[in-house]
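What follows is a short report on a single structure.
Chain lettering (A, B, C and D) follows the sequence in which the chains are written, and residue indices restart at 1 in each chain.
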Amino acid sequence: MGIRWSRLTPQLALTPAVAITAIAFIGSIGWTILLSLTSSRRLPDYTIDWTNPFRQYARLFADIGWRISLSNLIVLAIGSALAIVFGFILAAMIERERRGEDFFRTVFLYPLAISLIVTGVAWRWIFNPALGLESFFHSLGMTWVSFNWLADGRTAMYAIILASVWQSSGFYMALMLAGLKAINVEIWSAARLDGVPLWRVYLEIIIPMMKFTFLTCAILLSLGVIKAYDIIVAMTNGGPGQSTWLPAYFTINAMSAKGNLAFASAAATLMLAITLVIFLPLVLLTVWQQRMRKGVAG
Amino acid sequence: MTDFTSSTSAEGAVMFPRPKKRIKGRSIAVLVFLTMAALFFSIPLYVLVTTSFKTMDQIRGGAIFSLPEVWTFEAWRYAWDEACSGITCEGLKRGFVNSLEILFPSLIASIAISAVTGYALALWNVRWAGGFLFLLFLCAFVPFQIIMYPLIVITVKLGIYGSVWAVAFIHTVLAMPVLTLIFRNYYKDIPPEIIKAAIMDNGSFWRIFLEIVLPMSGNILIVVLIMQITSIWNDYLIGVTFGGLGAQPMTVNLANMVTVTTGTVSYNVNMAAALQTAVPPLVIYFVLGKFFVQGIAAGAVKG
Amino acid sequence: MPRVSFEHIVKRFGAITVLDGLNLAVDDGDFLVLLGPSGCGKTTLLNLLAGLSDVTSGRIMIGERDVTDLDPKDRRLAMVFQSYALYPTKTVRGNLRFGLSASKLPKEEIDKRIAWAADMLQIGPLMDRRPAQLSGGQRQRVAIGRALVKHADVLLFDEPLSNLDAKLRTEMRLEIKKLHEELNPTVVYVTHDQIEAMTMATRIAIMNGGKIEQFGTPDDVYERPANLFVAGFIGSPSMNLLPATVETGGRARLADGSLLDMSGYVFDTTPPAGAELVVGLRPEHFSLVANVDPACRLDLEIRHIERTGSDAMLSLAFGDRRVVVRATPTETSRLKSGDKIAVTFPKDRLNLFDAGSGRRI
Amino acid sequence: MKPHSYRLGLALAATLLSGAAFAEDLVIYQDWSSPAEVKALNVLKAAAEKKGIKWIDITIPHDTGSNVTLLNLVTGGNPPNVFSENNPAVYMDLEKMGLGRPLTGLFKDLGAMDHFPAVVKKVITIDGEVRKIPLGIQIDGMVYYNKEVAAKAGVDPEKWASLDAMFADFDKVKAAGFIPLAVGAQQWQIGYLTHTLVATLGGVDYFTEIYGPKPKAEALDAPVLKDVFTWLRKFQQAADPGSVNRDWNMTTNTVISGQALMQIHGDWMKGEWRAAGKEAGKDFGCAQIPGAKAVVVSVDSWGLLGGQPAAKDKAELDFASVVVDPVVNADFAAAKGATPVRADVPTDKLDICSQGVLDVLKDPARQVQNPHSMVDPDWQASIWEVAFNFWSTPSMTVDEAIASMKSNYATIVK
């Protein structure tokens, strides 16, 4: 029997992807987890002290910076969720009002094209107390206005949220707009004839109809939140204090400033665990939703 | 009996004329809100642009929203040509060249691998496709940090660490799962009959891909292209981690330039540098953004 | 007292005028079908009535009320959409209730109406399902139910049966007809399907290019088409339209030279000799057996025969035109293409149109 | 002047003889980027070029999240030949990889060892071998003040005998319309201020207990640590509102421009003053922190990569000898705002502040090393974190800060 090339070629074509998945993802994750059990400092050292293999994790749980990072993660997630809400409101308005759709869509979407480093530069400048927004308001005589958010550990996180909402709302708007346009216009007509107030139509009909879009947005958002690093570097570099630390920042800081590879690996491993805890339910929900849809369509 | 007359109204005489269409109150409210939102979105760009054309004297005056009294390109020229990052004072142009050198191999490699993989998984009978897709799905969610160190070691072993190739390689690796899923979702809507017919006509795996599937991928290619160009160009972390000595992208240059200040901060230079970094993706976006939104609307990006 | 009337309706979309000074009125309890090819403006007209779009000028009355400027919800009408437009995230009950929930009716009344509609449309067992779990016919019923519970003055239907298969369409047609007879609301029904129009309507308005070509009962429209458009549009297979020239003595000569006796036709205005006419002959009015004193007798060659089971359609050569004749299968069983046969047409079934204006004369 | 031009001629001749093609590339990895720092680097670059060394610069500014790269560069087979690194542990790692380059012999041959002050020798020696090239000496916590402002406010920083005395004068400064104390509230600046306070209040022995290679647990119970944080809080309260996230050199600028009276920070502030055309002793004054029991001496030092081919190795050693050349070093130090690492530099190159530093260096009992060159970076990073958190959270008490140091100690030092 000869080789069935028609069978083999697709498999061969998949080799790079399989290799990447096996080595760069699965292998590397295993590698990092292994490192997290060691006492490696700047260079890897693969001996594991089996009497207490989880010492890095124990240290992590005792670390104030890690606790701050986690709570900031939650704050950032909740805050950034505003981007979805905002994106939906903008999309709904653009969709209703059609006038100037191209213009508004372009304006809302352009921040997406800009790197977070640039975003950070721009917003840090706006938040600059001496020359930015605050001085603008003060020059108008509104001296009670304070935009020196980056200077205070209690408000610095909000400045970062504002900047990331600014950066990402347009993207969610585009997704929502696509979702809204996919809704049958007759649904709107029916609702108009039914005379139900608009807010109820959105709340009871449109938003439930778009739950798949919302789910997609939620997944993308939480991914972005977990990975958030650049914007921190560009806006606060973690400060004041550790008030704007996030797990991604913590991990890289543990590797570079602390020179502690094993500790950084433990933090990265926990990041993965958090991701799984958040995503597995979301992913399963999505898969389930898709099944439901297919079942109905079929 | 019902009355019916089917006739055009007497010439010019409009019966029951209606006032010129007025804009409803709700419409006005919506437009006002949208305009305010547009202002909010425009402020940072406005401030970046105007500040980059101001002189430092005017900036120190503090009016952040005022237009430049004298429009000067000095800050732009300086940021591009002379601004120092350490002892090297070559401005951003070196980073710009690096970014370009990173961009093209990254784009080609990531899109090629993902498109072929997505195609093979969607349209050919691969027994373990389901499991592999799920794996890719999980990989798409893996935080970069957990594979960062091993990837450093891998690129070191490959002998490419610190070159544009390492950065391009990492971009390809990291983008592969998501892009593959996108391509796969897109290709699975191609009717299998087309592939069957092509196989009957003696088409091979590669010929079918190049001659049939690829020409059908216009929509998705544009979406992916825009996604990749912006994300590769805007990347900081991969560039700073894998760029080593000479291959640091423009964003890293920019971050060095603005986070490490020189005496008194030259805000105009910082803003000009930030804008220069942002211009390429912005141009791409303004030119192709419409297709991006269309592509999303056409369901190119699902799940 | 007209219940629904359109007065001098003009509707423009930008530079395109879709409706230009249209007048139309129907009585309370009428079942008006707006019939026409796609793009004729019938759906636009329905949307204007529903208030889903605004007239450019003109007035829309429902009863004594000028509804031109009212919101759709205040016009007291209900609508069934082509795609049904059921709320996919609500159950059947939720769909029926949603429209009423904004009306401030007491809860008992709402429940009563829902029960009544469910009973009437036999959708009781489906009440807790979602639209996605229903078949096409069931969705259609729910959509009608959602319109019925509102007890609206006027019911609007926008091609409601076009998404159903042929069998279901026949069933639903009957049901809608039955509902109309039982509840007797004023109905405005848009369709491009003439069978639906003929079977359900009490009044048909045939529209073309933004104008009403004819308005009347189904019989009027069928028997006495007002112009060539209506004549050609109504009836399947459509009416044979043959050019003729008026001669003296109430006769006309057809293109093949045969004579047409117009004595059985009631003229509005008698055409002078030499006038160009178009003669309309419905395929089913021909007969293959010799008729006593026919309007005309044609000797023609059979091009081909199409048997549909209950009928047989003969396609006959008439110069370079065709004349279609409907006959029974028994009559045609021995015939084959190429045969020459004689067909006659009765005097009282003629339709005559002015060749220039296309109007009935 | 004679020996100098002689050497210059020799270098020129060597370059001409060997030709540009034989100019050896040295990749130099460092993290300085302020104007004064760049000026100082250019002094070295020019001198190195005379020796036929082509300087290929890789600047990775500190605090940009990219410190990860040095060891990666080394393990990546793409290592720099010269690198700025103070942490002895990194040199040990390099030694383990066979990439260490001891300099004991070189400096002995050059006769430089005899002229290095004790503290410099201590810093550059790791495990009995000289492994670092010293570049400049700086004292981490100096008071640099604007003389004009001081005069206007009617205070004399050089008369303060204690921190209390210093703070007592702040009201006067405020009354005169100036900010008494300019601070750049970034993690590393607050970290530096903290170890400066530890030295000031605790002295040599206590400093070593906290920042030595083996930190002592009992040190965290010492009452002096409470004083350190109490003072840190006072500094924080005295800081101006714009301090948060401000770079050190911008902070210096507020003093230079006369908005603030003074800044307590490393000697390298002098570079900024000089770059602004100001003269020590005339426009600005420098003083030790009032009442300092000990001062923290930073010796900026760079390392060389070992295991190189002979030509490269020679170029590296040439570079090292350029750096410690008395004249070059003096020029470098003057530009950077540092004090030369050799005691035998021509005194005309020293300004009044450097002379003060050299005076301090004469008394080894009052000096400690910068923690960077002694302590485990993990432990140091944790102290910085606590200090900066304490600084940024006004509600945090001294006891809370010490408690979190103790808990860090338990996990990091064991």
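We adopt the following convention: contacts are C-beta pairs under 8 Å (C-beta built on N, C-alpha and C of every residue); 3 or more make two chains touch, one makes a residue touch a chain.
In this text the structure is predicted, and so the values were computed from the model without any measurement.
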item	value
Chains contacting each of subunit B and subunit D, listed by label	A
Of A-B and A-D, pair with higher C-beta contact tally	A-B
Per Cα centroids, the chain farthest from subunit D	C
Whole-Å gap between the CA centroids of subunit A and subunit D	39
Subunit A-subunit B separation of Cα centroids, rounded to whole Å	16
Inter-centroid spacing, subunit C versus subunit A (mean Cα positions, whole Å)	57
Distance between chain centroids, defined by C-alpha means - subunit C, subunit D (Å)	94
Per-residue multi-chain contacts in subunit A, two or more chains	130, 229, 233, 237, 252, 255
Per-residue overlap in subunit D, given as positions that touch at least 2 other chains	63-66, 68, 75
For subunit C, residues that touch 2 or more chains besides their own	none
Partner subunit A, residues of subunit D touching it in the complex	63-68, 71, 75, 87, 89-90, 93, 96-97, 185-187, 241-245, 377-378, 381-382, 385-386, 388-393, 404, 407-408, 410-412
Touching residues (chain side subunit C, partner subunit B) in the complex	2, 5, 7-8, 10, 20-27, 30, 54-59, 68, 203, 205, 211-215
In the complex, subunit B residues that touch subunit C	2-9, 14-18, 21
Of subunit B, residues touching subunit A in the complex	27, 30-31, 33-34, 37-38, 40-45, 47-48, 51, 59-60, 62-65, 113-114, 116-117, 119-121, 124-126, 132, 135-139, 141-151, 153-154, 172-173, 176-177, 180, 199, 204-206, 230, 233-237, 251, 254-255, 258-259, 267, 270-271, 274-275, 277-278, 281-282, 284-286, 289-290, 292-293, 296-297, 299, 301-303
List of subunit A residues in touch with subunit D within their complex	41-43, 58-59, 62-65, 129-130, 148, 150-153, 229, 233, 236-243, 249, 252-253, 255-260, 263
